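We call the chains A, B, C, D, E, F and G, going by the order they appear; numbering starts again at 1 in every chain.
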C-alpha cells in the first residue's frame, strides 16, 4: 500500500506500473465511471434487459438526447456509464465490427466476439502512451442462437459475463438489490422490473418514466427493442420498490 | 474533491485522469467557452432560431466580421461561443461532412448525424496527446423531413438536444430566462424574440440590432436564412425585455 | 485572475488551457506582435491603403529590405507587424493559396477566403503540440468585384474586418488617431494621409519618406500598387500631423 | 542495493536501466502478476495439465467468463496470471502465430516456437519507449510429436520449461507443494490432482469445482480438452488436500 | 524585462514564447554567431566583396580548410560567422536551391530569391520543436542583371540588404568602421580595402594575408572570384589601417 | 569524476553525454551483464569452445530451457551473459543476418562480419532515443576457412577478438583463471576443460554437468556441436579444479 | 561564463543553446574523444600516414581487434579516437558514400568530398533531437590526383585540413611534438617515425609494435597500405624518442 505522494509518482500515464504492480490511470478511469449515472443489465431465460438512469440538466433539454443505451446490431444493444463521448466512441467501434463481420462472413457476430473486439480496443489505450484510458464501462447485451448473453466491459479492457449487473454511480446499492432479488426464473417483464428496481435503489426519489431508458433483446425475436415510454410508465405504476 | 496543488498534478494535458476521474483540461476548455459572448438557440414548431451576441472592439471594426453564426448546409446553421478560431475549424469539419454526405449518398445529411460527426472530432482531441481540446461550444440547428432539431456540443465531445438553450458567457442568466419564458407553442417570430430576450438577459444595456446576429431554419422552407438587420431592429423596437 | 507562479504552470505550450480557459502562449505571441513596429490599414470607397513603419538599424542598411508590405496577388497586399520571418512564412501561405485558386478554378481568390486560409494555418499552430504560435499580426487588403476589403489576423487565428485599423507597436495611439480622424468619405489620397498620420501618432520624431512603406489597391484598377517614395515625400510635405 | 528515493529515479519507464543494471518497470510488472490469482501447470508422461484459480466478484457473475485458460491451437493451451486484458492480448498473439504457421507451412507450430513468438513480443515492450511491459505471466502447455511440453513466460520476455510450475498469487506455496509432491511417473489424472492440490495450497478454504478451471492436452490425442465441471467435482471429492 | 530565473523558464526550446514575446533560443543562437570570427560584406557599383577573418589553431593546420567563404553559384558567394558546421549545412541548402532553379527554369537564380530560400529554411528551425535554431549568420553576395546585391541572414530567419555590413565577433567595431569609411563611389578594389579595414578594426594585431579570405563578384563578369593570396598581400602592403 | 547527484543528471537515457564524456546508460547496461551468470569462450588451434553457467531456480525446472548457448549458423554459435530476453533478440538478429548472406550471396557469412552486424544493431540502441541499450554481452564463436574465431560484444556496441575470454558474473575470477592457464597449444578437449575450469573458478561449489552448457565448432568439421551431457560428466569427473 | 548549476540547465540535449551560445552536449562529446587513446596523422610529399595507439585489456585479447584504423576506399583510410562503436558507424557512412560515388559517377571520391559527407552526417546529430552527438573524432587520410590530403573531423561536424595532427587522449603532448618536429620535407618513412614519436610523447613507457597500428597512402600508388608489424618493429628499433 502506498501513500499519496508515492502514488503521485506513478499515476501520470498508462505506460508505467506502480511498484506494487498497479496501473493508477486505469483505476482513475474507473472513478470516471462512478461519476456517471448508473446502468443495469438483467439476463432472463426470455431475453436480456438493459436499463439506464439519465440525468437531465434542464426541463428544456430533450431527455432522449441523453443517450445511454445504443443499438449496435439487430440483436445487440449497449448500455454505458461514465464519460459520454468515450461511450459513443466505443459504440462506434462495436457497430463497425458488427458490420464488418456481416460483410466479410455473411454472419451475425456473436455477442462475445463483439464484446472482445471492444475490450481489445480498450486494452490498447491502457498500454501504449500518448492517450488516456476510456473513462467508461459498458453492458453489452444480446441474443445469439436463442441464448441470451450479458457482458460487462471495464476500463482495463477486461470483460465479465453476468446474470445481472450494475455499473456506474450507485453500483454498490444496485448490485446489492440485484443479488437480493434476482431469480433465474423471471420472465422478460420481470427482468425489466428488476432492472428498474436496481436503478431505483440508488436514489431517494421515485423513479419516473422520464428518468430511465430501457431496451430488451427477447429470445424469440433476437431483435433489439427500445421499451416505449408508455410501457415504462405502466410498469412503474404497477411496481412499488421498497428501499 | 481535490485542493489546488493536487489539481495541478493532473491538469496539464488530455491524456490523464485525476484520481477522482476528472479530465481537467476539458473542464478548462469549458472555461474558455464561458469567456466568449453568449449564443442562444430556440426550437419552435415552425423552425429553429439561433442568435448570438457579438462584441465589437472599436467603432471602426466591421460588426459583420465578428461572425458567430455560420451556415453549414442548406438546412443547417451553427452558432458558437468561445474560442473563435476553434469554432471556425469545427464549422469547416461540419461543412466538409455535409458535402461528403451529399456527394457519396446524394442525400442531405441529418442534423443529428452532422452533430455527431462534430462531437466525434471533438472527442478525439480529449483522449489523444499532442493537442488541446476545442475551447468552444456549438449550437447546431436545422430542419430535416419537416422536423426542427437543435443540438448543443460541448468541449468533452458530448451532444445534447434542446428545446431552447444558451451557451457561453452569461449562460446561467440566459438559460433561466429561457426556462421561464419558453413555450412549445410559440411561432418562429416568437422564437426570435425569445432568443433575443435571453441574450438581453445577460446585459444591463439595451440590446441593439448591431449587437446581435440571428438566423433561422423555417420548417416550410427547410432553408437557412440570416435575419436581416432591419428585421432585427423592428423586432427589438416592438419588444421591451423586462429583466 | 492568476498570479505569476500559477500562470507559469500553464504557459509552456499551445496544448494546454489555463484553469480560467486561457492560452498563454497565444497571448505571449501577441506580445511579440507589439514588439514589432506598427502597421496601419485604411479602407476608403476608392480603395484600400496599407502602410508600415520600418526601422533601420544602420545608414548602410537598404531600407527597402526591411519589407513589411508584400504583394500577395494582383489585387491583394499584406502588411505585417511582429516576427519578420513568421510574417514571410504566412505571406508565402497566402501566395500559394491565391495561385492554387487561380490554377484550379481559373478565378481570382476573394480577400475573405484568402484571409481565412491564413487564419486556418495560424489556428493549427495554436492547438497542436510541437510548434509555437505565429508571432505576427497581418493586415490583408484588397479589392474584389469593386469592393475594397481590409482584414486583420491575430496570433489566435481569428480575423476581423475593419474600416481602419492599426497593429503592432504603438497600436493604441495609432488606433485612437484613426478613430478620431476616420471618415467614410475620404478618397484614396486621404486614406494614405490618414494611415501616415496614424503611424506618425506613435512617434515623437517627424516621419520621413524613408521611415514608411505604403501600398494601395484602388477600386478602379483592382491592382496592387506600391506608393513611390517621391509621392510619399510629397504627401508628407503637404501634411503636418498634430500630435 | 538502492534506497527508495534512488529507485524512484529509474523506475518510470522501460527505457532506462538503474545504476545496478535493473529494469524496475519489468520488476513492477512482476508484481502485477502476483496480484492475480494463481495458475499451475503439470507435465506428465501422458500429457500436460494447466489449472487456474478464478475469483468471482458476485454470485451473479458467470464463472465461465473469468477466463484464465485459453485454447490457442488444437494441441496447445495457455493459462495466465496477472492483468487479464494483457493476457488476452498475448493469447491473440499466440493464436495468430499458430494460424500463420499452419497457413504458410501447412504445419502445426511447435510449442517452443509458439512460446518464443510470445516472449519476443513481450521483450519488445521492455526495451522500446511509449508503452509499458505486459503485466502477466503465462503457462504455455501442449504436445508435439508425442512429447508433452510446458513453458512459463515472464514479463521480461524470458521463457523457462518446467515439469511443474505455479505462477501468480501464492506462487511460493503452490510451487513448494509441487516440489514436494511431483513425481515423473504420475498419470494425467494424477497431474490434475497435483495441480488442484497446488492451487488449494494457497488458500485456507476448501477448493470447489466453481473455483477452478482445468484443461489438458493428452499425449494420445494431442488435442486440447477443457476438463468438465463434473469431472472436477469428482476429483475434488476423492481427494482431500492436507495443508 | 525579466530576471534570470524567469528567463530560464522560457529558454529551453524554440516552441515557446516568453511572456514578453521573445524567443530566447533564437537570441542564444545570435550569441553563437558572436562567438565566431567576423565576416564583412561591401557592395560597390563595380561588384560585391565578401571577406572573412579565419582563426587558425596551429601552424600545422591548413588555413584554406578554415573555410568561411563559399561559392554557391556562378554569380553568388556566401560568407559566414558562427557555428561552422551549421554554415556548411545552409550553404548546401543554397547550392541545391540554385541548381534546382537552373534545372527547372533554365535560369540563374536571383540573389534575393536564393537568400529567401535560406531564411525560409532557418525560420522552420525557429518554430517547430525537435531541433535547435541555426547558430550562424550569413552574407549572401552576388550580381544579377548587372546589379550587385548583398544580403545578411540572421538566426531568426530574417534577411536584410546592405551596402556594407559586418557579422560575427567584433561586429560593432567593424560596422562602425564601415559606417565611417563607406562611400557609394568606391571601386571594387576600394571595396576589398574597406572590407579588410573593417576586419582589421576588430584586432590589435596587424592583419596578414594568412588571416583573411576574400572573394568578389564583379559586375562586368557576374562571376564569383576568390581573391588570390598574392593579391591580398599586395593590398595589405599598400594599405595601413589606422585604428 | 562526478558525485552521485551529478551523475543522476545525465543517466536517464542514451541520448546524453555526461560532462566528462560518459554514457551512463551504457555503463548501467554493463551492470546488467554482471548480474547474469558467467559464460566463457576459448579458442584453440582445433576449434572454438563456448561454455555457460546456468542457474536453475527449482528442481522442477528443465535445465535445458535456461538456454545461454545458441547455434546461429552451421559454423557459428553464440553464448550470452546478462538479460536473457535481450540475448535472444540479438541471436535472432544474427540468425537473420546469416540467412540473408546465404540467400543473397550464396556464401557462408564470416564470423567477423556476423559479429559486426550484431554490434551495429547494439550501437543504434546507444545513440538514438526511445529505447534502452541491450543489457547483454555475447561471445560469437565460429570457424571460417579453417580458422577459429572468437569475438566478444559489449553493450556499447564494441567488439573484441580473444584467445580466451569470460563475460558476465564472476568475470574477473574467470578471466584470471584463463590468463593463468591458457596455452595456444591446447587441443579442443583441453579448451573445453579450460572453459569449465574458468566457470568453476567463480563458485565455491563443485561444478556438475547439470550446471553447464558447452558447445564447440571444431576446425575439421566447421560445424557447431553441442557437447552432450555425458561427455561433460566424463570431463568433469576427470578434472578436478584447484581454486 | 556560466557556473555549474547554470550549465546544467542547458546541457541535456543537442537541441538547445546555452545563453552564451554554446552547445554543451557537443562539448561533452569532445570529452568522450579525449577519453580514447590517441591517433596521429602526418602528411608528407610522398603520402599520408595515420597511426593509432591501441590499448589492450588482457594478454588474451587479439590486438588486431582493437581496430582504430580502417580502410575506407582504395585510396583513403580513417583513424579514430573516442567511442569505438560510434567510429565504426561513421566509417560505414564513409564507405557507403565512397561506393555510391563509384557506382553513380564511375569516379573515385575526393578525400575532401568524403570528409564532408561524414561531417554532414555528424552535424545532423548536433541539431536534431532524439539522438546524441557522435563521441568520436576522425582523421581522414588519402591521396587524390597525386596530392596527399589529411582531414580531421570533430563532434560538432566541423572539418579541418592538417599537415600533421593528433586527436584523442594526450592530444596536447602529441600535437606539441608534431609542431616541434614536423618538416615539410620529410619522406613517408620519416612521416611514420614522426607519427610514432607523437604517440610515444603521450606515454612514459616505451612504445612497442604491439601498441600501435599504422597505415599509409603513398602518392605513387595512391593505395591504402597497413604497415606490417615487422616494419613497425624495425622502425621502433631504429628510433629512440626523447621525451
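Throughout what follows, contacts are C-beta pairs under 8 Å (C-beta built on N, C-alpha and C of every residue); 3 or more make two chains touch, one makes a residue touch a chain.
Everything numeric in this text was worked out from a predicted model, so none of it was measured.
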Original post:
Chains in contact with chain F and with chain G: which ones?
Top reply: none
Original post:
Per the centroid of Cα atoms for each chain, what is the distance between chain B and chain E, given in Å?
Top reply: 55
Original post:
Just how far, in Å, is the C-alpha centre of chain C from the one of chain B?
Top reply: 30
Original post:
chain C to chain F: how many Å between their CA centres?
Top reply: 68
**OP:** At least two other chains touched by the same residue of chain C: list those residues.
**Re:** 129-130
**OP:** Using the contact definition from the top, classify how the chains connect: line, ring, star, complete or other.
**Re:** ring
**OP:** Under the touch definition up top, go round the ring from chain C by way of chain E and list the chains.
**Re:** C, E, G, F, D, A, B
**OP:** Could you please specify the touching residues of chain C with respect to chain E in the complex?
**Re:** 7-8, 11-13, 24-25, 28-35, 57-62, 64-66, 83-86, 88-89, 92, 125, 129-135
Original post:
What does chain B use to touch chain A in their complex?
Top reply: 9-10, 14-23, 116, 119-120, 122-123, 126-130, 151, 156-165, 175, 178-179, 182
